[in-house]
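See below for the structure under consideration.
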Amino acid sequence: MPTTDPAAGTLHDGVHALPLRVYYEDTDFSGVVYHASYLRFLERGRTEFIRALGIDQADLHAADGFAFVVRRMTIDWLRPARMDDCISIETRPLALKGASLELAQRVLRGGEVLLEATVLVVGVAGGRPVRLPADLRRRLETATSAGS
Amino acid sequence: MPTTDPAAGTLHDGVHALPLRVYYEDTDFSGVVYHASYLRFLERGRTEFIRALGIDQADLHAADGFAFVVRRMTIDWLRPARMDDCISIETRPLALKGASLELAQRVLRGGEVLLEATVLVVGVAGGRPVRLPADLRRRLETATSAGS
Amino acid sequence: MPTTDPAAGTLHDGVHALPLRVYYEDTDFSGVVYHASYLRFLERGRTEFIRALGIDQADLHAADGFAFVVRRMTIDWLRPARMDDCISIETRPLALKGASLELAQRVLRGGEVLLEATVLVVGVAGGRPVRLPADLRRRLETATSAGS
Amino acid sequence: MPTTDPAAGTLHDGVHALPLRVYYEDTDFSGVVYHASYLRFLERGRTEFIRALGIDQADLHAADGFAFVVRRMTIDWLRPARMDDCISIETRPLALKGASLELAQRVLRGGEVLLEATVLVVGVAGGRPVRLPADLRRRLETATSAGS
């Protein structure tokens, strides 16, 4: 029976997987998914990974003005996704520092890897770099060690 | 237990409901969802409504070059959605003609109506208006009468 | 000689025209411009129309928290735009009330009308409807009467 | 006097610069430009760079099914752009091989560098890697040597 909640994905052994459907809006006239659309997919994956750790980013933002900001990405587009495809966004923490978090992300269609990325996000508040909140750090440490 | 499929929504009594999550990409600097993002949400709702009728749009396009094109919309933005909101896209067929389909769509957050729209889509193939394929018409007729 | 400024368009007799180029990002796999992309184009046209009146929306927002919000649109998609097309966004004020402004907008390619829209925007501050700032009203009145 | 053409930018000494305005659509609720929006800006810069070389990508696509596809990017987000900012997209060819082109791109606001990227694009036709068309290669070689 179909769920009546948005897909939130699953977290196992430190790896989060979010299922997504490709829609018209994601494609371009070349017939496949527009290259920048994958960055929206990856950001949805990171958001659901953080949510799966039990962290509410809207609460963090309301309390301390804390937000994650993308600082650096390296992205390899390997194969194109197409309209109506079911794809999966895989998110795995690689390294946790005082004010930053490095993640490995992949886009898959079944067993096929469509895209690989390394993403460095940093914490900011009021436009300045800040240490990640303590509770968030603890949960990320647990997730990071689970995956290694 | 969380599903490992993308949310596809449910179809009851001729009304389709698709649950969606609001992400960073959907918002703008005013703090709420960007007005044009709702049109992407409505299009996802229409796509899943058609899929719930058992119609594969990619197949139709591959076979006859058939596609739906939006011809006319009237949209009322009533209340804003925000980052992290769970919303629902409601899609209900209103009227079916030879080459066109009129739908009523709403965006809801719980019981609150955020947006109402009337949408006229027409069938095209090779850039010209065409009658809707017979099988698609039959399934839409059933859905349309179920909702009245 | 090519300009080194972004295109800002021109305002003559109360009608503003903003030239735009269609890029990959605006299209979808059907080969033409995605229907919701036109709403982004229309919003760019309204923004440059207001700027051409000598109003800085960022200043208004910083000073009083004032912002325009789209309340209602009626849109007719007449002909598709394609990758690499040069199009023009035409914006013309129709009616000015205490807290709202109605505009007629069109998308053209040369002399061909691709889209027609009527747009109702309202002023808000802190999430509530507010009267339009006096200076903005005066300039809109002048522009509205110029076009009639 | 304002131009009535879309901004196409300028090409000097092998470096192309495209001026752009930041609109509502480009921002997110954190108040600054959404990280993936910069990839749309970079793609506009590459498109206008190729057009400035005298190459019509739509013609290439129509003739041989040729298209550029992004294969790899490394991106550093250094400082945020904001609503209403005038920014410039700088595009400079780095290396030209049989079937690929590497470019350096930057986003600037005045003299401030907001983003730096290295982009590898490859030529494809019918979904397969192909050599770049001869005329395109010649023009890219000239531009690449002009910048070194």
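List of remarks:
The chains carry the letters A, B, C and D, assigned in the order they are written, with residues numbered from 1 in each.
We adopt the following convention: a contact is a pair of C-beta atoms (placed from the backbone, for glycine too) under 8 Å apart; a residue touches a chain by one contact, two chains touch by 3 or more.
Note that the structure is a prediction, hence the values are computed from the model and not measured.
Two chain pairs are in question, A-B and A-D; the one with more C-beta pairs in contact is A-B. Averaged C-alpha coordinates give centres for subunit A and subunit B that are 26 Å from one another. Distance between chain centres (mean CA atoms), subunit B to subunit D: 34 Å.
Separating the CA-averaged centres of subunit A and subunit D is a span of 26 Å.
Residue positions 24-25, 30, 36, 40, 43, 82-83 of subunit D are each in touch with at least two other chains.
Chain contacts in this assembly form a complete graph, since each chain touches every other chain. Interface residues of subunit A facing subunit B in the complex, by the touch rule stated above, are 2-10, 17, 19-21, 23-25, 40, 43-44, 47-48, 56-58, 82-84, 86. By the touch criterion stated above, subunit B contacts subunit C in their complex at residues 30, 35-36, 39-40, 43, 67, 69-77, 80, 127.
Looking at the complex, you find that subunit B touches subunit D at residues 24-25, 27-32, 34, 36, 82-83.
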